[in-house]
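We just call them A, B, C, D, E, F, G and H in the order they show up, numbering each chain from 1.
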Amino acid sequence: MNRTLVGIIMGSDSDLPVMKNASDVLLQFEVEHEIRIVSAHRTVHEMISYGESAKERGLEVLIAGAGGAAHLPGMIASLTLLPVIGVPIKTSSLDGIDSLLSIAQMPSGIPVATVAINGSSNAAILACQILAIKHQEILSKLEVYRTDMRSKVIASAEKVQEEYDAKRS
Amino acid sequence: MNRTLVGIIMGSDSDLPVMKNASDVLLQFEVEHEIRIVSAHRTVHEMISYGESAKERGLEVLIAGAGGAAHLPGMIASLTLLPVIGVPIKTSSLDGIDSLLSIAQMPSGIPVATVAINGSSNAAILACQILAIKHQEILSKLEVYRTDMRSKVIASAEKVQEEYDAKRS
Amino acid sequence: MNRTLVGIIMGSDSDLPVMKNASDVLLQFEVEHEIRIVSAHRTVHEMISYGESAKERGLEVLIAGAGGAAHLPGMIASLTLLPVIGVPIKTSSLDGIDSLLSIAQMPSGIPVATVAINGSSNAAILACQILAIKHQEILSKLEVYRTDMRSKVIASAEKVQEEYDAKRS
Amino acid sequence: MNRTLVGIIMGSDSDLPVMKNASDVLLQFEVEHEIRIVSAHRTVHEMISYGESAKERGLEVLIAGAGGAAHLPGMIASLTLLPVIGVPIKTSSLDGIDSLLSIAQMPSGIPVATVAINGSSNAAILACQILAIKHQEILSKLEVYRTDMRSKVIASAEKVQEEYDAKRS
Amino acid sequence: MNRTLVGIIMGSDSDLPVMKNASDVLLQFEVEHEIRIVSAHRTVHEMISYGESAKERGLEVLIAGAGGAAHLPGMIASLTLLPVIGVPIKTSSLDGIDSLLSIAQMPSGIPVATVAINGSSNAAILACQILAIKHQEILSKLEVYRTDMRSKVIASAEKVQEEYDAKRS
Amino acid sequence: MNRTLVGIIMGSDSDLPVMKNASDVLLQFEVEHEIRIVSAHRTVHEMISYGESAKERGLEVLIAGAGGAAHLPGMIASLTLLPVIGVPIKTSSLDGIDSLLSIAQMPSGIPVATVAINGSSNAAILACQILAIKHQEILSKLEVYRTDMRSKVIASAEKVQEEYDAKRS
Amino acid sequence: MNRTLVGIIMGSDSDLPVMKNASDVLLQFEVEHEIRIVSAHRTVHEMISYGESAKERGLEVLIAGAGGAAHLPGMIASLTLLPVIGVPIKTSSLDGIDSLLSIAQMPSGIPVATVAINGSSNAAILACQILAIKHQEILSKLEVYRTDMRSKVIASAEKVQEEYDAKRS
Amino acid sequence: MNRTLVGIIMGSDSDLPVMKNASDVLLQFEVEHEIRIVSAHRTVHEMISYGESAKERGLEVLIAGAGGAAHLPGMIASLTLLPVIGVPIKTSSLDGIDSLLSIAQMPSGIPVATVAINGSSNAAILACQILAIKHQEILSKLEVYRTDMRSKVIASAEKVQEEYDAKRS
């Protein structure tokens, strides 16, 4: 996939430690993407440009992370018809319940696909699942990912079972 | 669109009053869809069949509504690679905060695209936005929908302004 | 005061029953104001125009009401240097705690002066208190308002005391 | 007791530090048990096999630990008629209130016996109390356990009282 | 089953409308049981007698409902080695979150098997599942119950599907 | 008791329906008391006079009810050395959790004896228990009250047991 | 005061670090008191003896600390007519909101005077305020304490003001 | 600006680490201000004097920080007609949700302009925005501040974009 399909945005570089997990997952799936700092409150016009041009620039899914009174995902969603995935970022005071509610509780007409608090890697997987309904090669990679995930749990399960049974015998 | 693209599922027909809003929106967008009662706890094998066959049956997005210890969206998500949109249904005791957390806080690897409590119509719009990255005709309808929505707000805004200014003068 | 000093905005006319209390208070204080429907999510550009032109149009304080993932107050605050008062509107599912957190928990740099859930009349009083540091005639009205409020409590206190003492004797 | 009576399951080995307390208690009560990694979301079919075969394998009580959108206890409960004890595991973001609600708020027909957040040792005691209605030797051990627990509190109480009185005199 | 196996207790007859659902389920399963008003705070000694004699009176499982600062389930659990199932009753002020936390968050050593807020029918099913590890005839009834429950969902699912498809065609 | 011993205060007569329960209990215990409307926010100086003169006027315990940002109990407590009992009043938006936290979470040095949300009758009983360490006749009435309360529960328990056993036989 | 007037109790010596603050305050006020470990769940009969004999042993106020499903304060309150002050202890999982609700939300008839989470020193001050309505010498000490507290704040206020003004000039 | 326009107050010097951010922002805006320790509970009369004299002393906006049962902002607001900005301070037990509710949920008639938990720098900006409707020179500084803030985000955005693109190429 040579075209940039996913835009990962956040309001401040202080969100990078959480949001780069989304990038890491997309790299693993070989999905071209971009990371951008776009602030709903501090660079409104840049946000509007970003949201309104996202589709014509060829992006197909957006991932927006934000914390506290988290307005970026919902505002971006109002500026594009692309599906927007919102990542509520854990906050120092209220642990991210403020972020979760500010992102999930959108009014009728403008949905945001909300994932778990700090769930940026899941946001990337969800982006791949969305892309996979159109891009067959991403679907194949998702199948491998699922199989690997399952294999890892089974391997871990066997290891735990062996260790436990050894202790018992 | 003649093929059924969206599956709307819920664990009980008591969820229908909320979930039929999703169907109404899809009807409005002329997106073929199905409504099914599939219970994560009471018809596990039917749920598994539904989840595992959804893709090969041609579905492209799933919408799952559930309340309380809401397991259906997350379980379905673990059974398919299609994007799954979760609708937390308002509960009689805790107002749906239990539903919201049970759906949004999914572990790494299996995301659910969570919308607002009782946000079934937004779930349908999100489904359309996801489909629209592949199906051009849905995109066109989304554009009309957005324009209409905007027009309605503007009309309402003018009406309010007129009424208010009339009272003032 | 002939100039319109306060703008009361909300995202939908469904917020009017709560927000008109702000207007009623401003009428009582004879502060010229306007009521406008401006949606952060459905009429983004109108919101931007409103926010960016508010100051040059002569407004001095803005009051913005919103519920759920309540973005209007914070977004308006990012578009103007006027003080913005946010009114969290009670919601059907989470009683307005989502609105409160979405409005109060703003990031550094863009404050919103948040009042109580459904506290639109207090928003109007706060607007008057802000205006009063510049407009002497509003201060005088606030003084009368406070005195009246105090008198009403004292009258009510006397009535309760009398009724209660009568029952006792 | 030579037969394995209790199955302790969890979705990931990251839950082991909490869940091994359940095993330690069962060891103390000499109740044969097994520890297994079974993920509701990553190894669905293994979970179904585990749940559906638990009874015929001779297990009599299941203990399932899970965090966040904690679906394992409720799903296992839907797959077996054995009593299932759910342990809500403390999460990094919401402290386990999400886990607690996802486990306790089960719909009518499929109960989960929920214990405190991170309460895995209590889950094991509850398992023993359930087993004891059938297995007399476990009842005897529970009686000793209660007596010991009481004695320890009394010893601690005396020590505190002595230290405190010594300081006073 | 002629012997009384389950004791259903609550602190006040105001809890009866919720707790009688537990009795109804036990009647359906033909499990002999008793309903008693026993208050942790108003009849402490009766509570102690009840708890301490429950086992020797032949009871095998206790179900205790309580609301607010809900102490009855935990106190009864400290007075018997029988498994105690706690039903958090919905309260007028905090919707039962106080009841849930007061029952679920028990300290180490004295577990209470907590079910959902107002989940008294599930408490009865859980009681039957516990009894069924010893009483074969209850297991048979649980199997029928599960099959019926599954059949009802499937019947409802078919009805919904038919109605929906009829509307479409 | 001829002297007024208890002052019941609240910020508004809208709190009377809840707070008069405290008065009813005190009447039942024949404890002389007064009911006063004293607003922390609207009649600050009256509140200060009330708090500072309470002790010299012969009052021995104060009961203060308040809702929302409930400041009256804590402020009164800072103005007197009499014990102050705080009653968090249920609010229309947040059900009184705001009132509870605003009253209970007092800083070091100025305690408020907080009772349950809307727990005004318990506030009166607590007042009587405090008074009873000094006034023997109130202690006697408390003993009767407790005995009556216990008798009522036992009578209710017997009635429930009879009705239930009648249905069974 | 030579007689022991206050009993400080808690369920486990792990609560001592919090509860000894109550003792320190009482020492400062020269109020004789005792510290006892009494567990509602692990030493029920000792708790009953303690509660039922407290008054005849000459105690006049009880302070009970507990965390999680915090039953000790409410149970002790049901066993004595002495005023009982409850201290909700901060818990590792839910920060003490479970403790607060388990103590404050007592049913009608049995109040607990609840203070802030971990507010053991305030519990002791409240105990002194209650005792002071009978014991004049404690009132005098409370007056000194208040004056000192006020002086410390004023001294701190002056220091802050000086430092700040120095920086400015 | 040579006159002191803003008063920053808090109940204890333990609040200084949070509240000095407000002072730092005002220094940056060259707004003369004072920092004072004024306790609602420990120095009531000083608080009253402060509140009642604030306006005649020439202050135009007050900023009050408080934690837990946070009464200072609301009490000060009842003592002056100046706009009062409340800063909820994060608490050790409940993370500041108690502070937020105690400040925001003010009754009708006495508003407090509430900012985010620990949002003292935003309180200072809001103060400047309020002052700027009267003081032109503060408006100019706010314009510079906004521009700088925007520039910093853009610079950071460019840096992130460069680093990310470098990694990609």
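As a working rule, contacts are C-beta pairs under 8 Å (C-beta built on N, C-alpha and C of every residue); 3 or more make two chains touch, one makes a residue touch a chain.
Computed from a prediction, not measured in an experiment: that's the story for all the values here.
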Contact-pair overlap exceeding half with D-G, pair selected from G-H, F-H or B-D: G-H
Chain whose mean Cα position lies farthest from subunit D: C
Chain whose Cα centroid lies at the greatest distance from that of subunit H: E
Cα-superposition angle relating the copies subunit H and subunit G, to nearest 5°: 90
Computed distance of Cα centres, subunit G from subunit A, in Å: 48
Chain centre separation in whole Å, for subunit E relative to subunit A (CA means): 41
Centre-of-Cα separation between subunit H and subunit E, whole angstrom: 51
Approximate Å spacing (C-alpha centroids) for the pair subunit D, subunit E: 19
Per-residue overlap in subunit A, given as positions that touch at least 2 other chains: 11-12, 42, 68-69, 93-95, 97, 104-107, 109-110, 112, 116-117, 149
Which pairs of chains touch, using the document's own definition: A-B, A-C, A-D, A-H, B-C, B-D, B-E, C-F, C-H, D-E, D-G, E-F, E-G, F-G, F-H, G-H
List of subunit E residues in touch with subunit D within their complex: 60-61, 81-83, 85, 100, 104-117, 119, 121-123, 125-126, 129-134, 139, 142-143, 145-146, 149
List of subunit D residues in touch with subunit A within their complex: 11-13, 16, 23, 34-39, 42-43, 46, 68-69, 92-95
Complex interface listing, subunit H residues touching subunit F: 11-12, 40-42, 44, 48, 67-71, 74-75, 77-79, 91, 93-94, 97-98, 101-107, 109-110, 112
Touching residues (chain side subunit B, partner subunit C) in the complex: 90, 95-97, 116-118, 149-150, 153-154, 156-157, 159-161, 164
